[in-house]
Amino acid sequence: MDLMYFAELAMNGALVGLMYALVALGIVLVFKSSGVANLAQGALAMVGAYVVWWLADPLGAPLWAAVVVGILIMFFFGRAFERLALRRMIGQPVIMVIMLTLGTEILLRGSAPALWGAQMKRMDIGIGQQPIVLGDMLINRAYLAGGVVAVVLIGLAMLFFNSRQGVMLRAVSDDQTASWAVGISVERAIGVSWGLAGIAAACAGILWGSVQGVDWTLSLLLIKALAVAILGGLDSIGGVVIAGVAVGILENVIPGYIDPLVGGGTRDLVASTVILLTMLVRPFGLFGREDIERV
Amino acid sequence: MLSLGNVEVVYDRVFLAVKGVSIEVSEGGMVALLGANGAGKSTTLKAISGLLMPERGEVTRGEVRFNGRDVAHLSPPERVRLGIAHVLEGRRVFEHLTPDENLIAATSMHRDRRRIAELREKVYGYFPRLKERLSTKAGYLSGGEQQMLAIGRALMIEPKLLMLDEPSLGLAPYLVDEIFAILEQLNRDGVGILLVEQNAAAALDIASDAYLIENGRIVMSGAAGTLKENPDIQEFYLGRAGRKDYHAVKHYRRRKRWLA
Amino acid sequence: MFYRLAGIRHTRYAADRQLWPVPVDRAQIAALTAFAAAAPLLLSNLYLGSYLLPWIIWSTAALGLNLLMGWAGQIHLGYAAVMAIGAYSTIHIVRAGLPFELAIIGGGLLSAVIGLVFGFAALRVKGLYLAISTLAMQYLVDWIVSHVQAISGGSQATLQAPAFRVLGLPVAGDMMRYYVALAVCLVVTSFLLNVGRTSFGRALAAVREKDFAAAIVGVDPFYFKLLAFWCSSFVGGIAGAVLAFCYYRAVTPEQFNLDVSIQAVAMVIVGGLGSVIGSYLGAALVLLAPIMLNNLVAALARAGALPMSEEVLSHIPLILYGGLIVGFLLFEPLGLAKVYDNLRNYFLVWPFRHARR
Amino acid sequence: MRRTLTGLALATVLSAAALGPAAAQDKAPIKLGTALDFTAVYTFVTAEYSQGQRDYASLLNAKGGIKGHSVEIMVVDTGNQPQRGIEAYERFKNEGAVLVDFLSTPVSRAVVPRALADGMNVITLFHGRSDAADGTVFPTIFPMTPAYWSQATAIVKYIDDQEKGDLKGKKIALVMIDSPFGREPLPVFEELCKRLGYEFSAFPYPSPGNEQSSAWTQLRRFKPDWTIIWGAGGGQSVSVRDAISNGIPLDRLASVIWLSETDANIIGAGQTKGILRFEGVAYGKDLPVIQAIEQEVVAKGKGAGPAEKVGGTYYNIGVASMALFGEGARLALEKEGEPLTPAKLKKGLESIKDFTADGLLPPVTITGEDHQGGGRGRIAAWDGSKWVPKSAWAPAYQDIVWDLIHKSAEEFKASSK
């Protein structure tokens, strides 16, 4: 088949993958510092989108202000969640923590539409709908913007993790007791990482909300984000970018060639297959640390 | 500087680990805490640094005073800010961080960047070996280097009291000597040291005072020299009673006197 | 109720090791069983058909999952997929002309085989990673069921459960369906009650606590993990088949999607890991709480106590349901079984404060 | 903690038991049960739909009810969960409902066997099993409006008319959600393909459709003359967006019924100008029924929801469902006499003839065989602020639809034995 077809599928897929990676970033940030897999990250993204919409539309704030304030609110929302719920779960078996985040997901999925209405909302962040044309290739403007924002944010996250504060967060993820012993406030560090996860969620929510509208289905981004996070390695921020691009391309290219043959949408299978294959071959992901508990 | 008065620690609200422990470390002093496995040495240190919490331990009685202030209810990071540094047993460096980052991780109490740079240079001054391995992950360092890194990391706190839990564990004898030499050096530079050791001989050589803890209780204390001369210590901790013909000796004849 | 332990002295091991050493407990169980048997006569069709019937079926399913999660300590977020396999294959086998009794065993076996595939993931990873692997498999099974028309039943993706007979009697009407479900439930319950007393149950406990330590004492964790997945999937498949035949009477893929898996896990956790009575209580709470809350909210709204729009009102049960799960995990992680146990112990010794242990 | 929980549980049980009959009227009220999905998959339509239903019931009651009987709608949420739907259904039945509505494909499907056995009337406007149009096999299931197969034929008919009856060599693409709902119209398009000679290709995207770029990239290579989108909820606005960015002219893009002004506004009301959709119920406020609701219900502060939703696409569908029910109930009471039972209501519904609810609906005629009501629909276009009809109410290619209905209904009959 022609190269441009492949290139277009791959390009748009990669950009979409980066937008998944932004959701996955939240999962990774939290897992990296506290070893908790936050299965409510999709719901956090949904709340973020609702909050920004609420600030911009019913409250009438200018868009930039809504975005900034929304991001701030989500930062504190993430911290509050850690403080109120997860801190009590220290020492509980992993299934309890997983279930807690799933329960929270249900809670948020009910609360946000109850507060703001279940009907889909419009989120216009001023990205035009005309595509960018590169030869025979069309690139979706919204995805391009989303991909760029995702790369920038993930890059910022990487920079942050190399700063002094970031080194301390990494230290916490290495050894919480030792971190305590050298004066790092572990609770605060984990709280900060949840706050950062809230920020990632807000950004992902805004981008995805502008693409698909704001309603509870934003929380379904979770499974794609999980695939990305698992493939990249649950504790690797850089891995999220690579894995995001990889999952995005696979998800777009494989159906592009296989769907016409089998006559059905194979796209949903890609994320699940990626997760399973990763588990079989490299459970710790492409760039994750290898010290996960193996049987 | 540090005084423990009648401290009692209970784990999980049921398990009594230490009881009635009283320890004094004077400003710039060097005190050794000796004892067998499970005697309660590490628990005592954790009671001082506050690290009992993650293990669900609790100081249920007694007081922990540092420079006259009761610290028993402060969080570990707050105690660190007062100048209590705890080098954990088994080194516990941040394995996925480089030595440099390990040091930086321990600077949360400092605001001044120049001060941090100075401190780092000072640590590299004590441990020139670390500077050679600057960019490898700490997990790949040798045991001795990791121990140095752990001590160096604690020094970034600018501690008034440095507590070390078994710094000689699993190290070759020449490395033990090297590390103990550095400890003496530090002590001379004014850092108070509380040293927990099984290697009693090495510890008593450099310490000025020593406590002996057994079954969660302090059973003997005094100047290091005095303890060294004690026949019980000699036999049970220093192994200096000389070779004995165990066929000839009724080896149960000698009991620890304090158990009577 | 009070002083039940007074005067009970077991003089033989057999007496002490029986399932319910306390006579009052035996009486309670007997009363409950009698009530369950007589329920169709005592309850209206509404309560029998839409509360009691789904409750016992879901309790059966929760017991199967609890065997895996509570006894063997393996996380499973794809249990609904396993149930779906049981439901679909049983329907297809009955349609092929085999009697229901054989078909449901066949459905259970097929579920068990597919469940083993889930189990192989458990040999490789555990904890969080196992949870995510099973989640991915749930998606795969969902996709296959809804995309292969031969399984899902044509373009409408709905499969009617055919009329069926059990032991020669045609099963029609809520009463017969209820008895079929009750029989299955009783069998599974007695199996689970006895698991803890067998070497199988002890091996599972060993694997749960520390699998390599279990290996050292001669309990092969590979074998027992797979066996746990096998058994639990078998129970799940059978529960799925009963659900399809006795309750839904027509199956669609949505009846077994991820949300249902999460519900099943919630039943086990809210009920209490590794507890038989907890499975019942958890199933009751998770299944019936949204319905009850819904009715409660609707009643309050009708009475004018909740001046809100229908849209908000209808989300309240969902919020409360999520809140219930979170609340239990935060305040009573051991689940309803623990609440029940505390109450029971309290009354065992009442008016004294502490039980003798 | 324990005490709170016990208290809560007790309160729940008591209140559930206390759900007794509502206040008595002079004539027994007619009860309807609507167990809708307010919280999960169908959130995009349910709130407005239910608002329309309740407002119309209020209008009926304000005008003295149906032959003196007031109408009482019981509304609960099912969260799209079949077991909650079944519970609600059984409770409705217990409380004497004569008709139930679920507005959810999985829940209706789970309830259909029970409803058929119990003789309870189920309405499934514009959704649910297309084959339920066969009243001989599904005696108590009433789509009453064009189900998906008829919607598909209506769209193709419109395209055929635009192309002056010459579709040979033209290309039609279908972009659909990859679910049973999305795959449902495929046989219709393929059958029509044989008859009209166009080239047809389908491009599925995964549920819920928040990302469809792969399908649209493929579609652009296909270079369709006409494109049909088949989805619901959030996926629809993504579809339209992707269509715009792939350069598909919107006046050659037609949608299944689930595309409303809400979707258009999400994408941008101006940018979506020209887009086509199937319409089975008239849009807007300029209809006698809606005007009456405005005056009698909304203006008096008895509206069931926000006033600005009145006259919207889904609101009007809700009104239409109740208008059809009201007509059926009236006929049943006239012909069969008091009191109204499900069986009588069924007869009443089946005697609805050329009912339009004053222009809200195309003429609907329901018979014992045809529960689809004639299958009339039309195509409407978005002009930037409202939906404008582009064709007249008409049935299309009903022979093909009925072939499929009979075939599928036969299968159902065979399989439920």
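Worth pointing out:
Just so it is clear, A, B, C and D label the chains in written order, and each chain counts residues from 1 on its own.
Note that in this section contacts are C-beta pairs under 8 Å (C-beta built on N, C-alpha and C of every residue); 3 or more make two chains touch, one makes a residue touch a chain.
Since the model is a prediction, treat every value here as computed from it, not as a measurement.
Taking the mean of each chain's C-alpha atoms, the chain closest to the overall C-alpha centroid is A. Looking at A-B and A-D side by side, the one with more C-beta contacts is A-D.
Averaging C-alpha coordinates per chain and comparing to chain C, the farthest chain turns out to be B. Chain A and chain B have centres, each the mean of its CA atoms, that are 43 Å apart.
Mean C-alpha positions place chain A and chain D at a centre distance of 35 Å. Distance between chain centres (mean CA atoms), chain B to chain C: 53 Å.
Averaged Cα coordinates give chain B a centre that lies 75 Å from the centre of chain D.
Among all residues of chain D, those that touch two or more other chains are 38-39, 47, 178.
Shared contact sites, meaning residues of chain A that touch two or more other chains, fall at 110, 113, 117-118, 264, 268. Residues of chain C in contact with at least two other chains: 147, 311, 315, 317-318. Working note: touching chain pairs come out as A-B, A-C, A-D, C-D. Residue ranges of chain C in contact with chain A, taken from their complex: 69, 75, 121-129, 131-133, 135-137, 139-140, 143, 147, 211, 221, 262, 265-266, 269, 273, 311-312, 315-319, 321-326, 329-330, 333. For chain A in complex with chain C, the touching residues are 37, 85, 88-89, 92, 94-96, 98-100, 102-111, 113-114, 117-118, 223, 226-227, 230, 264, 268-269, 271-273, 275-276, 279-280, 283, 292-295. Residues 5, 8-9, 12-13, 16, 110, 113, 117-122, 124, 129-131, 138, 140-143, 208, 211-213, 215-218, 220-221, 251-253, 255-256, 259-260, 263-265, 267-268 of chain A are the ones that touch chain D when the two sit in their complex. Within the complex formed with chain B, the residues of chain A that make contact are 91, 164, 167-168, 170-171, 173-186, 289.
Across the complex, chain C meets chain D through its residues 44-46, 49-51, 54, 95, 146-147, 152-163, 247-250, 252-255, 259, 287, 289-296, 298-300, 302, 309-311, 313-315, 317-318, 331-332, 339, 342-343.
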